[in-house]
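Some notes on the structure that comes next.
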Amino acid sequence: MKKIKKQNVAGLLEKWQKEFTVFVPSKASGVLQMAAWDGENLSFLERNRNTAIPPKANFLPTMQKMFGFRKEEGGYVLEPTDEDPPKQLLFGIHPCDARAISIIDMVFKDAYEDKYYLSRRQNTVLVGMACTSPYDNCFCTSLGFGPADATDVDIMLTDIGDSFLLEQVTDKGKGVLAGAKDLVEATQADEKKAKEVKESAKAAVSTKIDTKEISKRLPLVFDDKKFWEEIAAKCVSCGICTFLCPTCYCFDISDEMLRDGSGGARYRNWDCCSFAVYTKMPAENPREEKWRRVRQKVYHKYAFYPELFGVIGCTGCGRCIRQCPVNWDITQTLNSLPEGTAAKAEEKQKTS
Amino acid sequence: MTEDLEQKLRDEVRTLLEKGKIEHVIGYGEGSLKFATTPIMISDQADVDRLVINPFIHNNLSVLLPEVSGKVAVVAKVCDARSIISLVQNKQVARENVFIIGVPCNGIVDVAKVEKLTGLDRDEIDAVTWKDDRLVVTFAGGSKEFSAPEVALDSCLDCDCSGFKEFDLVIGEITPVAANKELSRVRIKEMEAMTPAQRWEFWKNEFSRCIRCYACRQICPVCFCERCFVEETEPLWVSPLPRWQDNLIFQAVRMMHVAGRCTDCGECQRACPVNIPLGLLTGKMEDIVDELFDYRAGMDKDAAPLMAAYEPEEAEDLMR
Amino acid sequence: MTISDISHRKRFLAQGNVYLPHIAVIEKIIDETPTVKTFHFNFKDEKLRKEFTFESGQFGEYSILGVGEATFCISSSPTRLDPLECAVARVGKVTNALHRLGVGAEIGFRGPFGNSFPLDYMEGKNLVFVAGGIGLAPLRSLIWNVLDNRAKYGNVDIVYGARTPRDLCFKYDLEAWEKDSSVNMTTTVDREVPDWTGNVGFVPAVTEKVAPSAKNAVAIVCGPPIMIRFTFPVLEKLGFTPPQMITTLEKRMKCGIGKCGRCNIGEIYVCRDGPVFSYEEIRNFSSDEV
Amino acid sequence: MDTFEPKIVAFCCNWCSYAGADLAGTSRMQYPPNIRIIRVMCSGRVNPSFVLKALSVGADGVLVLGCHPGDCHYLTGNYRTRRRMAITKKFLEYMGVEPERVQVSWCSASEGSRFAEVVSAVTDDLKQLSPNRLFND
């Protein structure tokens, strides 16, 4: 196990900048999100509470050109965007976001490969940082991992005072660390200190949900219209809780024509199941009512995604709670699911 | 002081429900976020004790009003109550179906400003309390004090509670928190001092951050079109893609559509997850409407909406 | 209801990028009704034109480059691959643009996507086709597929209706099936209209009158959701059990491959796991937002 | 640099200003060819989104021409135009659009010469400004 002094991290970042665009948590734009490192600001080494906009924006941008097209005399010519996007290194991302990326990898790999998303994933190195100051509404520990979990990153840093303990998790991680100077062997004391830091961070996660109970009750309360109407009553159907959610990946596809009509492009941009127009068809809209859309958001993450990919589509990062303008809290909803009638239970048993 | 206000509110609501004068109540309940409350809807008396009044009653509850049918009581600050009257003026809500319960703003605080001033997130702050006209913010390792104007919501700075006569019931005494018209217009004046190119550059940068979550439209009580112009594709007025040009056009047109209905309640700025200072737009729009037509939204329920009325002689100097 | 394994499904995607459309040229346009047109088209790329195959019931994402993309079934039969056909009602931005195109114009096509009608399950059985309005488009692909292998199947009953005689699609097919002795063709319109000699009445009612036997039979229903909702009970009354009743569901779709998230009913994605479902499967969906 | 020829989108109301434009044409009046006329049934039909759409697709200026207040075919249409366009002008100015780019004027069906005057005056105003690069990247 290696470690690196905090003052040497800048050198490491500069080394990486030669090969990658290095993204770090930054509030320069006015909102805390991953942004290209300006070469000086290192405040994220001292204080790295999770960003407002999740790192998913580096793989599924808010707006992405899928292909351009031109009208030639012989007909249309398609110009796919570069299949090999610029290499990027995300520094300082939290385990909940890294895990979220692995979760949505599944849907973009499933059956048809999504080249746009996956090519960016291949060209990315994830350098995680153990989360030492979870928010009061974080609940990652209830989802089977912790704020210092290193499984979904290439390199994991843990703050042990004047330096970071450095775990090389994947070969890609080892690769980019090759030739890095200032890496010294970590002592037993360092590893013990890192363990303590990780334990205390885990203990600091105060909000809890019981996923076993939730997956038992959800199938029974899907038709409980009264419950879902009450839960959805205060929601104003904006897009914050889905756009800022690291495991939300829904997108819309739309075309644009150049003003002179000589060509144009097809784009993909973020979409959201809270919007009524999301499922609107000329004749009808299956999820016109607000309570259906709020129910869909909960069920997609805690019932449908587990059914499709075997993992809950949520990592407990708490952004949807922190950023919601009406303080809709998913943990309160999940912790207050009604029992669901026994009759419904055995009826479910019969059919599935 | 707030405890007896809360108790008074609960008792009043309980009697209103008992006497059947109202069927539902939209009020503030305990929030799960620190220093926040959350909108709650109550129909039976058992839940009345969930109603609270504290310095964090930020939401403008009138946005939920059109969705509730029947006789509804709404707990409202002055700017919220003006939004209700604006909805009445625009025939979205029938005045006799709404029972407006005025509550004092009770030292309401802009938590985002406190976070910025202290450099801490709200869950790192232990307590926020008023000591006469100073706000004391205590956190691990000390405390800081701020004056009211420093931590008041932008919309509170230009608060003008006088002259509003549409409360059906008032709990306690309605007084502005930190009304300071001058201070509220400082940044707007700075904007006006810039050249057009500088102003455009400022908004270009702000709107390049916008992610089109539409929280500004969805949280706005007077943005009540069934189908927003931004959702139209035939013709396409503005692209759904979050390019700064289209974000700017969307917000500019939205602001002009709500001119005369917007009461500058500050909700769009508070809801924006990427911190775009929309208050600079709503504040200026309120001034334009006031200066050109001497009109203030939501003050008089019988007044015609701004765009549904006219004077034979007005604004001719702006015409060619 | 586990996810149907789609690896076996006909996936004809020449290039690797599943979002890139293949360019096709419109060869013929037929005005079926004042709001519905059928487009005959073929791929520009020779290799693609020869090798492209699909199964009845599958759909494609049709692009008007610069305007957008929309989902329509392939209304011709896989037994007659030249040309490919799709019927389009003029309802929105892309369909309006498509209706403005002329012969020779170029469109984009992605697909085929989705599952298909269970031809093997239907083999050796009596077939009842119930369609309403433009709902005949997906069934038409299946009917010609069946009639081109007529010996494999038992009796064929077709009940097709539309609001008015003018709204009847594929009139040329209706005549052909009328003349075909092995097909019991019933055409109806919703309301009495001067100089219309055929049946009058809603499709579910007429189906009950035709009363096809449920013994060793399969019913395939396609049309506006309201028609499907009223036809299933009628078929049940005639003795059809849920597995014997098949339909295609309609949802708003954008990607066509189960990624963009909007066409779900519970954990099922209609574009990926449908659009063809049996009434048995539909009843067991965990969600009622059919 | 040769003189800049601004492109102006003019929304003309069907009953007055469009007829005025027609009269200007039939009476062979000279006026700059910079305007592209869009006929609307009433100047009140012009929505702020029209103005911003025009500016965003490259118009250098937008001119709304309606009947004189008082003789609107629909009685109050132009009064609403006056309120909405006054707000649009002031608000867009605050956001950074030069005020000359959005202009409103009244011209009746019989005022062919006034139509020509207004159009040339607006064209001259816009010639002082630079071409509209507001919405370029």
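Labels A, B, C and D are assigned to the chains in the order they are written; within every chain, residues are numbered from 1.
Methods note: a residue touches a chain if its C-beta (ideal position, glycine included) is under 8 Å from a C-beta of that chain, and two chains touch if they have at least 3 such contacts.
On a predicted model such as this, the values are computed, not experimentally measured, just so you know.
Located most centrally within the structure is A, per distance between chain CA means and the overall CA mean. Set against the Cα centre of chain A, the chain with the most distant centre is D. Centroid to centroid, with C-alpha atoms defining each point, chain C and chain D lie 50 Å apart. Chain B has its Cα centroid 31 Å from the Cα centroid of chain A. Measuring from the averaged C-alpha position of chain A to that of chain C gives a distance of 38 Å. Averaged Cα coordinates give chain A a centre that lies 49 Å from the centre of chain D. Shown for chain C are the residues that touch two or more other chains, namely 68, 92.
Multi-chain contact residues of chain A (touching two or more other chains): 252, 254, 256. Under the contact rule stated at the top, the pairs of chains that touch are A-B, A-C, B-C, B-D. The residues of chain D lying in touch with chain B in their complex are 47-49, 52-53, 56, 69-70, 76, 79-80, 82-98, 103-106, 118, 121-122, 134-135.
Residue ranges on chain B touching chain A, taken from their complex, read 31-34, 36-41, 59, 63-64, 67, 121, 123, 206, 209, 211-215, 217-219, 231, 239-243, 267, 270-271, 273-276. On the chain A side of its complex with chain C, the touching residues are 66-67, 69, 75-76, 78, 80, 83, 107-108, 110-116, 219, 222-223, 249-257, 261, 263-264, 266, 268, 271, 273, 278-284, 286-287, 292, 296, 299-300, 303-305, 307-308, 351-352.
By the touch criterion stated above, chain C contacts chain B in their complex at residues 68, 92-93, 96. Note for the complex: chain B touches chain C at residues 233-234.
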